[in-house]
Amino acid sequence: MERELSADDAQFRAEMREFFTTKIPQDIRDKVAVGAELTKEDFAQAHRIQHEHGLAVPGWPVEWGGKEWSDLQRYIWLDEMAAAHVPAPLAFNANMIGPVIAAFGSQEMKERFLAPTASLDIWWCQGFSEPEAGSDLASLRTTAVRDGDEFLVNGQKTWTTLGQYADWIFALVRTDPAAAKPQQGISMLLIDMTSPGITVRPIQLIDGGYEVNEVFFDNVRVPADQLVGEENRGWDYAKFLLGNERVGVAPVGWIKRKLADAKARAATVASGSGTLLDDPLMAARIAELECDLMALELTVLRVAANSHGGKPDPASSILKLRGSQVQQDVLELMVDIAGPMSVVWSGEDDGAVPEWARHTAPVYLNYRKASIYGGSNEVQRGVIASAILGLKG
Amino acid sequence: MERELSADDAQFRAEMREFFTTKIPQDIRDKVAVGAELTKEDFAQAHRIQHEHGLAVPGWPVEWGGKEWSDLQRYIWLDEMAAAHVPAPLAFNANMIGPVIAAFGSQEMKERFLAPTASLDIWWCQGFSEPEAGSDLASLRTTAVRDGDEFLVNGQKTWTTLGQYADWIFALVRTDPAAAKPQQGISMLLIDMTSPGITVRPIQLIDGGYEVNEVFFDNVRVPADQLVGEENRGWDYAKFLLGNERVGVAPVGWIKRKLADAKARAATVASGSGTLLDDPLMAARIAELECDLMALELTVLRVAANSHGGKPDPASSILKLRGSQVQQDVLELMVDIAGPMSVVWSGEDDGAVPEWARHTAPVYLNYRKASIYGGSNEVQRGVIASAILGLKG
Amino acid sequence: MIFAFTDEQESLRDAVRELATRGRTEPVPGDAPHDPALWSALAELGALGLPFPEASGGMGASPVEVMIVASELGRAGIRTAYAEAMVAGSLLAASRDGGELLGSLCAGDSFVVPALYEPNRAWSLEPASVMADGDRLTGVREPIPCGAAADAVVTSARDADGVAVFVIESPALCGARLDLAGVAARRLKGAEAAAVARAVNLGTLTLCAEALGAMDTALTMTVEYLKTRKQFGVPLARFQTLTQRAADMYTSLELARSTVQFAAMTLAADPDDAATIDRLKVVVGKAGRHIGQEAIQLHGGIGVTAEYAVGHLTARLTAIEHSYGDTRQHLAALAARVGDYEAVDLIG
Amino acid sequence: MIFAFTDEQESLRDAVRELATRGRTEPVPGDAPHDPALWSALAELGALGLPFPEASGGMGASPVEVMIVASELGRAGIRTAYAEAMVAGSLLAASRDGGELLGSLCAGDSFVVPALYEPNRAWSLEPASVMADGDRLTGVREPIPCGAAADAVVTSARDADGVAVFVIESPALCGARLDLAGVAARRLKGAEAAAVARAVNLGTLTLCAEALGAMDTALTMTVEYLKTRKQFGVPLARFQTLTQRAADMYTSLELARSTVQFAAMTLAADPDDAATIDRLKVVVGKAGRHIGQEAIQLHGGIGVTAEYAVGHLTARLTAIEHSYGDTRQHLAALAARVGDYEAVDLIG
């Protein structure tokens, strides 16, 4: 057991801090700081700058741009990125389809897709969920029927995050409706979003923004060489994809940044003869959240340290579960700090009520999704109960 | 809608307060105040004094000693009783078997049992739970086989509270093992605890006390005229018994008394330059518990006001559920007020650490039972979900 | 204590329920615009003047009736400035020269809202940086909920004698902000700090009653969803972990219901009972967070969409929680006095 | 940061686990009597002197090793004065003339416990009414956990210069109370307020490590019970509401585990890091309440019986929570400093 950071890692940390605080445009970082919505160009610019410095896809194999960092280094990279209010490289590219193609794609597929995926020349979105297949992904109904050198795809995906910006979608489709179990008979296809027959319908969320979409497939023709790996093995690839990330599954750096921001905001809100940060109940709540976050962050570090080569570990369920809870607690804290300033969402940007305060309620409401998507907290508890505790029910 | 108490009810309240604070011996009330264990004689004395004043069984039919009080008066009676640290009349007699005999017993049975039940000349205990039938009462296995004018009883009961003091037990027994449903084929028998073949084994609880027991029946002969009502209808009587009490199902008066005591204790514990009652976090927690308790108490008053003639109402499940939660919260508060004084349970009664403080941890631990017995909180939530919300699963 | 409604109260409830069903529009994210047609309908029903004296055009009823109206608006998911009107009306009623505007408010002719928040400051009954010198005010009020459509706002300010209350007709808001320097303000004689406290008591009750209605609908929608939505081939209602949580929501709801009704009775008897309002806000605040968050969670993804009502209910519960002091602030107010009494006596 | 144990640490863990299994007796309600045989076995293992200098008879190891020992005792449900010995030993080690008694403590020859609580006073590092005038003390220490069997107690007292530390040999306790007036006390030169804080840091870590072990066993027992106990004709593990709650217990446990291990590493590097100990006590305090209460609830009635171990584990978790300041007190200490830094930096 050893608490101290090695000299190399301390140096690495300093480099990352320097990079994120000097190379990413201030206006993007300011938007993140106040909880404003980022444009497509904001995401793309931040991603591309990281890519230019070789930092966009550190978790990939070295030959495709990866870095062979230790888990601790990955953690430091994420931590410093969040601390500087820098948006992460697009997860659909960097953490999801890229590693899947690198692991299971043919050599041709790797050569065709990995470079533009790393550079964001292809913007990917995810086509997993369907209206009747949310937490129960295995019951998906979108079909792909082989027709010569093509698949004919019909069906509907939903909750497709940032799908309105995407060039391509990686989708789970049912290729064998007669399979013995619903998880079998599923394949993963890469589909050009400009293919005839694809319609994207944005879904407005409760915060007023449009970040998710429905994607409809009406006789969409997909070349067969855009099948990932083997036919009917899509479920395995999806599990790999979802279990691939462990260091980042709990957004610890993001939460830490928000909590620090919350303290700074609290110190600007007058209360009685001092500020909210002097209020005993507010200060105790912040201190308690810092304790909760510390325990979570330490667990990320401890569990990541026990990592064994990308194999999904059910322990990541506790990170997802607890990560979303602490994240939501911090956003709730932020609304409470804004107090009456959170009650009116709109307002003039030069008003006396600062922009961060007006964003608090919509951001809080938006992030109720955090305990729903990517496997709801109920699903995570189920994984813990069955896979870790052996409570098979 | 009307908040004010009527003049009659205000007068009634004053009478109850006068009675409980002057007629019940101070030494019994002092024991209750510090959380000490009561002896059999303490319980009996408090019960008998109430009986002498006609107050032990107000909920019974008038001809057997009842009072025809309004629900509000019943509430005031319980509230003032608790406020004065007076133990309630023995629930097994006053709230459980008495009303059942009065409602379903034969005239002979009423005449034989009701008067001594009201006066505590018979001390009753309850024989419902079994080792394999806790929350799932319907799976009970104790059998009663008709043999001429007698039943032959074999089996085992458990969690029999104060069974070591009891003269008689009212027990659920299986009289028809072939019944279509497990709830059918159950009868209720009144059994003399001195009958040959009965063995009582006390169970020590985590607080060190002995308040519950196992009761073993080995070929116990029970005269057939001690069958309550009709054979194989015991389940209905048990449901009546458990649903009979609504005003008292949440121990609001008891909790209110404890919370007021907790405040008084907090004011005696030095902390920093003041007392624990001055501590902002402690004071806020007490204030919050007062809010929780107020909401519960108001709900008791509101739901009781909607009562319809003793018919079990699923709304009583929220009172049981929430009542046990707030009760446990207050006892947890009490340990926290005692702080390090709670760490050592034993000690000299003339020590500098007061007796109440030494009792806090065992009492807290003991009352974890409150969310388990009488239908666990999980069972209560199930009743709410199915009977009120229509979520049949 | 009697919780039952009178026949007249039940009629009022039914009338508002009918109006709310008829006047309901699909909710949209963000701030709700003022709906003059709905407002006129409320005025016709007498809802705007319920607790105010008949001499001023009010109905001479009580906070209990206000609670009934607000609960129904909340049930229907209709966001209005009803609570704001109650605060403004109460301030006008406290003054010997607020009668004319109060009459206009009751009739629905003037849309009047209070301006009591200061930017970058936690909620306080006391003005901090809004100052009065005669009829000249300085300082900023922001945000002013529903202020954009207001014919008049009522605000408080600090002067040498303490707290005074002012009316500003035809206020020129910039967004939700009103810069008070240079605007024409009229002092409401006789309305001082106690009037502000009393008005906010009534407004807080109104908001909490609206929250009660919103929670009621959020639970109803959640239960319905659990019954009909299938996952893993069976209705969600088969998942015990969800139904047990729905039971907890119901428990929170019923405890909040008792407390809202009690607080209305209490204000009817004593409009200055601040401690009961503190407790009300704590109970409703906790229940609103619990039910609002669980309603979304038990719905899953659809719960955070703008197309579905449950997220809007949670948004409204969140706004109510942060109006006139949140749970923490009311707890702190109670905590400061917790040593002054032995126990909370509800029936004394 | 490295969480893995060294081979030596694993050997120590195995040795204590073996000892704990062998030395375990059925728990009884209430205060645990001192068990001299078990204590000697711990001494033979070197466990009593782990963090103390070899020159004083200790092992020259670190708080990490202490954590390992305490966790195993907690896992086995064995209640000892191990944490108390660590506090007493640390105070002796801080003084230039505590060496002889420390050696005796390490060897298991002297059973020494601290006396740091004052009756009717919340936990405080600072003595309030215990006063020193030279070697003469006044005041009362109560309760003194495990004090009845002590060969010596170590206590703090306030004198003109601040806080001083004293040893009292063969103390004559009345119950758990020691009246200090008139007893012979020996001042431990060099041990002052900072030594008390440091000793309590180590003691708190030790208790939290014991709590970790107790929580681990409480969860294991609960899971086992859910798998085997039947209700309504099926194992409890079929009730999703119970298994989801077991998953939450596991989550609390693992977060507490990370925190305990981190705190041990931290004290090894800086024995005076009070903020980390405050956070440790908060995390373990909350986890202990959660897991202790749920372990009983998921067991049902058997969970509150003295015949079954899970209630005793909860009892021990409750005692640990109230030793050296509870969650509230440590939160308040953190809250007072929360504005002094931007974020908690774990790897800096």
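Labels for the chains are A, B, C and D, by order of writing; each one numbers its residues from 1.
Here, a residue touches a chain if its C-beta (ideal position, glycine included) is under 8 Å from a C-beta of that chain, and two chains touch if they have at least 3 such contacts.
These are the chains along with the protein names UniProt gives them: A, B, C, D = Acyl-CoA dehydrogenase family protein.
Just so you know, these numbers come straight off a predicted model, no measurement behind them.
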Open item on the list: Under the document's definition of touching, what chains do subunit A and subunit D have as common neighbours?
Closed with: B, C
Open item on the list: Measuring between Cα centroids, what's the chain most distant from subunit B?
Closed with: A
- [ ] Measure off the straight-line distance from the CA centroid of subunit B to the CA centroid of subunit D, and report it in whole Å.
- [x] 37
- [ ] Go ahead and note the Å separation of the Cα centroids belonging to subunit C and subunit D.
- [x] 50
- [ ] Quick one: report the Å distance separating subunit B from subunit C, using the average Cα coordinate of each chain.
- [x] 40
TODO: Could you list which residues of subunit B touch at least two other chains?
DONE: 280-281, 284, 378, 381
Open item on the list: Multi-chain contacts only, two chains or more: what residues does subunit D have there?
Closed with: 239-241, 244, 331-332
Task: Contact footprint of subunit B on subunit A as seen in their complex - done: 280-281, 284
Open item on the list: Quick check: in the complex, which residue numbers of subunit D touch subunit B?
Closed with: 28-31, 117, 119-124, 128, 140, 142-145, 174-177, 230-233, 239, 241-242, 289, 293, 296-297, 300-301, 303-307, 311-312, 314-315, 318-319, 322-324, 326, 328, 331-332
- [ ] Please name which positions on subunit A make contact with subunit C in the complex.
- [x] 129, 132, 134-136, 139, 158-159, 203-208, 268-272, 276, 279-282, 285, 328, 332, 335-336, 338-348, 351-354, 361-362, 364-366, 368-369, 371-373, 376-378, 381
Task: Residue numbers on subunit D that touch subunit A, as the complex places them - done: 1-6, 9, 64, 223, 226-227, 237-238, 240, 243-244, 246-248, 250-251, 254-259, 261-262, 264-266, 268-269, 279, 282-283, 331-332, 334-336, 338-339, 342-344, 346-348
TODO: Please name which positions on subunit A make contact with subunit D in the complex.
DONE: 1-5, 9, 13, 72, 76, 83, 256-257, 259-260, 263-264, 267, 277-278, 280, 283-284, 286-288, 290-299, 301-303, 305-306, 315, 318, 321-322, 378, 380-382, 384-386, 388-393
